[in-house]
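Heads up, the next two complexes both have chain A, just with different partners, chain B and then chain C.
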Partner chain A sequence: MSTLLLDDVSKNFGDRAAVSDLRLECRDGEFLVLLGRSGAGKSTTLRLIAGIESPTRGEILFDGERVTALPPEQRDVAMAFESYALYPHRTVREHLEFPLRAPGRNLTEAAIAERVTQVAELLEIGALLGRRPTQLSGGQRQRVSLGRALVRRSRLTLLDEPVAHLDARLRHDLRGELKRHQKAQGATSIYATPDFSEAAAVADRIAVLVDGRLRQVDTPARLYDQPADVDVALTAGDLKMNLFEADRVAAFAQPVSGVHRLGIRPSDIRVLDRPDPSALPGTVYVTEPMGYDQIVRVEAAGQVVTARMPLDRGRFEIGQQVWLAPDWRRQHPFDPQGRRLGARLP
Partner chain B sequence: MASLTLDNVVKQYGRVTAVHRMSLSVADGEFLALLGPSGCGKTSTMRMIAGLEDISDGEVRIDGKVVNRLQPAQRQIAMSFEHYGLYPHLTLFGNIAYPLTVRGVAERDVQRQVFDIASVLHIDDVLGSFPKEVSSGVQQRVSLARALVRSPSVFLLDEPLSHLDAEMRARMRGELKRLQKAKRSTMVYVTHDQLEAMTMADRIAIMNQGRLQQVGTPKEIYERPANRFVATFIGEPPMNMIDAVVAGGSDGVVLRGPDAGSVVARLDASQSAALAAALPAQGSALAVGVRPTDIDVFGPQEGGLPGRVRLREFRGDDVLMTFDAAGTRLRAIVHRDTPHQPGDPVTLVPRADRLHLFSADSGDAIGHTEDGPGGSRGRSTFLSPAH
Partner chain C sequence: MTQDTRARGAAPRAARWALLSAWSLFAGFPVYWMVVTAFKQPRDIYQGPFFLPFVDFTPTLRAWEHIAGPARDTVLHGLANSLLFAAGSAFIAVVLGAFAAYGLARYPYKYGPYRNDDLSLLIVSQRIMPPIVAVIALFAMFRAAQLLDTRVGMLIAYTWFNLPLTVFLLTDFMRRIPVELEHAAALDGYGKLAQIRHVVLPLAMPGLAAAYLLSFFFSWNDFILALMLTFRDAVTLPIVITNLSAQMEPRWWLISAIGILAMLPPIVAVFLLDRFIERRVLHAPRGEDS
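Right, the complex of A and B next:
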């Protein structure tokens, strides 16, 4: 494969627009992540690409050819979706072998066994190959379903929140290995998640969906540094960006004209325990130490502001008077419509 | 509020010992997290404190009074368990109000207290609904609210936020912590989530396989883990563990890595002297723990641990890199602009003043080379370059 193009694709369910006017290109061998909260349209988009749903408008093209009218089985797309139907009477091994025994696939037994072993090791289910679904935990079942998609090495692999039901440790470990595996195969992959940390960890590019519309498609670094609008800014960060009304902080922030709200990341705010005329006065709401770092939430400028800083920069008590010193040079400026001033369009 | 003491408490189910001789004190007004992986014994411990399980041996005391033989209701304990049933025929308001109305609290006070706690937990807008009409996340908060309106000696909370989505959970953690501090409640909070324990607790009691591993403040546990289990359980990404061998150098101890010629770290004279008595003999094996924030990454060079970049994960303010090195996978958190890409050869140099040394056999901590509180905590990877 294979380049994928969604050309002005929309999908309505009754009078609800699930996705609207999607223009998205996924390049050959790319690991593209769809990022958005629950209900933003990620699953709908994947289902349209797979052919499980048909678009209300627009076309879907693989390598420049329209596949919009093709049913799923003719698109050579592997998918791992959140609801996975496993066969109760088949072992894990049989589940992983099954896609490789489909008609038209000419693999030797040895080749099949090797692929199954490789994918099982990747997903840390090698010890479970002889078990049946009822003998597996939810997280293990999810990995079997994921494995079924990965063994196929299709032109396009679609993964809908593939590590969602795994414990934190496994989630962190597996997502990177998943990407590595896909890259090594030269596979083109589209991966959906609501978690920015997860998206940023693995994506070549991230496509941000808000209310069924694509707001920005960019590398993780550019998305993080230059979110195109307020919704993207709030989505793209493991801690939510702080938003200030420009006129409330104008004296300190000196925003350019046209700025209605400005955003400051928690890691760009220092918390001082001494008065500072150029800092915002406030009261500590709560502190959350996290190893070498801490999150300090402060009531200031009429809202609760979140700051992240190293633990050894000071300890704070709930109710303590403090002063917030954001690095205003790193402000994100947004106009009254919520768009970034000077933003490029997707 | 009251103090809580577990004195050599044991729980046995037939021949299986779920909790081995556990002793623990929770001070009046303290927030203690009982932390550990599933199956570690924390829930059995909680249930013994609550009176839902018999205590096989030892004593549980509340404010000095032995409560082993007391029924749950007599122990002055308020609990919120993950699946603590709500009364289906009462509204959410009625459920939360129940402990108050049952005690004959005046109507107006009931209203106020219920609304206060409901608004802190962000459920004040659904109080008129019935349990089956709302999500599990809301139900869980109702159960929590019902415990929190009471004035018991001790609060016991078992994974009270587990059904909430990540964002709501983060918010509720802060609110719960504020509430506990404001009311000076004695709270025992059971969780498997180390981040939750670290952010909320005054002290953490970590358990594994029925045994208490360590009790300390979040800072103590993070900086001075008592054994390998604690060291790798606390902190995400987890601490790296490197197999090393003790060797002698001209200036001090050298910890050799598994690959020929590789070096985990060279201890200076004062570090070597401080650890001399505790280190095993030269030629012995040792496990060296070092956190991802405490490893420097260079292009190939002499010394250190040779390796290759396996993964590179962008995190916003920095980058998490995974390497194949020292016969295992090692991780380092480095600055965003680091040039190394997957496949590149590198040399990893753990910081000698940030090491945690563990016995190769028992896994117990031998020593930590970190500086004291005033020491150079040094390079923070979370500040923007402007700082």
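Right, the complex of A and C next:
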């Protein structure tokens, strides 16, 4: 329960810059997600906040107070590691008790037992309390690691891809539970993930990292609707945005001046089985029915274009001739440097 | 081992038995021979070979009576020294070695051109040259420092002798303990020493026990250092055994009887430390890393 400020923080490993000039604020009680591909600097940022790494330049402040020089054990930060970092010689129960028994916490045995039960219930690991890490599956280990981070009340909770190795059902359930837990505790939390839909599901705000640099911090909706540049646009969205060279589609799209590439989200493209003067001709590359939706990939304009629509909008076969009708009003125009041009076209 | 993983067929099975039998012969016969020799008369030794007690020869307790009688003080003195030096130097070498190994495994060092790997090699290099080469210099040093034939001196000598081994063994062991476990303990609220106590030490236990045992064996079985550096006060059991044969002709029955005594402490040490080595095998949990 704290505010966090990363004040122009940089971290180099040798001559490789992992994080560059990162200026980021996390408000009290906020659920902030760091979104980026692997190698974008998410884990390094979390490790800098935790104090496992120290910044090459810049300062880290909790509640306006400098903590840059403090070792991790004095920062009162909890973290779930991507690699779990479970203690091989301890049982699940001992893992959950370990942070509660640290010097200076002074909790009664009853309080410890209560917290352990509570968090074990939240994560559905109550039946595993007597086991050691080697007797757990990957997903169970991840939940224990998460439990160790959530079991105590810390100033900050850092979660490094905390549900990445769980099966889809549990991943969905658990991220919902995490969000409820976070709101109920008012715990300032920072969550790293490469998955936009996961980020959007839990985040108050999302910070997009590309190559160690912060590109945009915004609510999930604004990030999705108005990505600041091409890289953010490609990262934000569970299906990759389609990018067209502006001159190739100029005949259909009426591009604004200075535009170099046009982005269209898969859900903003309709696939027609009849010719249409304003539509791009193409052939179906593959179709992926998803239960309620379908994804159709079409070879058109010299590239593979992805479209997403409800299943009842028609059935398509591989090799079928189709016409793509993007909703050009919802285009994202980018200049030659990849920056988004102005506001959305009317 | 399950049925499925066993090799099948008569030929591999026969080969396996042949190899195991040959190995058992080499491993077991010296021990057997020592045991029966300890119960022989000189006559049975020199007119032999006789293999089976009560069949080939009549066992006698003559050697044991000598050990319990006239030779008792000499043997006990050697035994006590050997025990002190082996147990003590192994302990010091493991403690110092663990500190050195932890440092080498976790922190980058640079002394002039020497980095961690060079430092490790430098330390291990102490054991590359034959001890007989070093022991001459050690003799001169010990004489100057008045450590010759003292217990403190022998503890120092054996610690020096064992330290390279423990550093070498334990560095590898410490490296295999994921550093993230210490980070996790730090975030759980534990300082550096508590991290070592709660995480590193329990996980390093098998390595520490193995290093202790090997150090113990090396010191216990050493002959050359004790021969050069002790005369009377600090003599060890191997020296006592040699002195028995040096006087006239070798008294094999006595040598064998003390040899049996000399085998016991290492066996006890193995039994005591075995549970650490066997049961607490380091098993770092690793996720299905993406």
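The working rule: the second predicted complex is superposed on the first by the 340 of 346 C-alpha atoms of A that agree within 3 Å, B and C clash if a C-alpha of one lies under 4 Å from a C-alpha of the other, contacts with A are read in each partner's own complex, and residues count from 1 in each chain.
Note that in this section contacts are C-beta pairs under 8 Å (C-beta built on N, C-alpha and C of every residue); 3 or more make two chains touch, one makes a residue touch a chain.
Values in this document were obtained by computation on a predicted structure and should not be read as measured data.
Undergrad: Consider chain A as the common anchor and indicate whether chain B and chain C clash or fit when overlaid.
TA: fit
Undergrad: In the overlay, answer first, second, both or neither for which of chain B and chain C A:Gln142 touches.
TA: So A:Gln142 only meets chain C here.
Undergrad: Here's one for you: vertex at chain A, rays to chain B and chain C, all C-alpha centres; what's the angle to the nearest 10 degrees?
TA: Angle at the centre of chain A: 90 degrees.
Undergrad: Using the superposition on chain A described above, determine whether A:Val286 touches chain B (first), chain C (second), both, or neither.
TA: It touches chain B, and chain C stays clear.
Undergrad: After the superposition on A, what does A:Pro277 contact: first (chain B), second (chain C), both or neither?
TA: A:Pro277 contacts neither chain B nor chain C.
Undergrad: May I ask you to decide whether A:Gly14 touches chain B, chain C, both, or neither, giving the answer as first, second, both or neither?
TA: Neither partner.
Undergrad: Does the superposition put A:Gly64 against chain B (first), chain C (second), both, or neither?
TA: Neither partner.
Undergrad: Closest Cα approach between chain B and chain C after superposing, in Å?
TA: So the smallest C-alpha gap separating chain B from chain C comes to 7 Å.
Undergrad: Quick check on my understanding: which residues of chain A belong to both its chain B contact set and its chain C contact set?
TA: Shared contact residues on chain A (touching chain B in one complex, chain C in the other): 38.
Undergrad: Name, in rising order, each residue of chain B that touches chain A in their complex.
TA: My answer: residues 165-166, 173-175, 177-178, 181, 193, 195, 198-200, 218-219, 222, 234-238, 291, 293, 310-311, 313-317, 320, 322, 336, 342, 377, 380, 382-384, 386-387.
Undergrad: In their complex, what parts of chain A are in touch with chain C?
TA: Counting only chain A, the residues touching chain C are 38, 50-52, 71-73, 76-79, 81-89, 98-99, 102-105, 133-134, 136, 138, 141-142, 148-149, 164-165.
Undergrad: Over in the complex, which chain C residues touch chain A? Could you list them?
TA: 178, 180-181, 183-192, 194, 198-199, 202-203, 280, 282-290
Undergrad: Once bound in the complex, which stretches of chain A touch chain B?
TA: Residues in contact with chain B: 38, 168-169, 172, 176-177, 179-180, 183, 195-197, 200-202, 220-221, 224, 237-238, 265, 267-268, 270, 285-286, 288-293, 295, 297, 308-312, 318, 327, 329-330.
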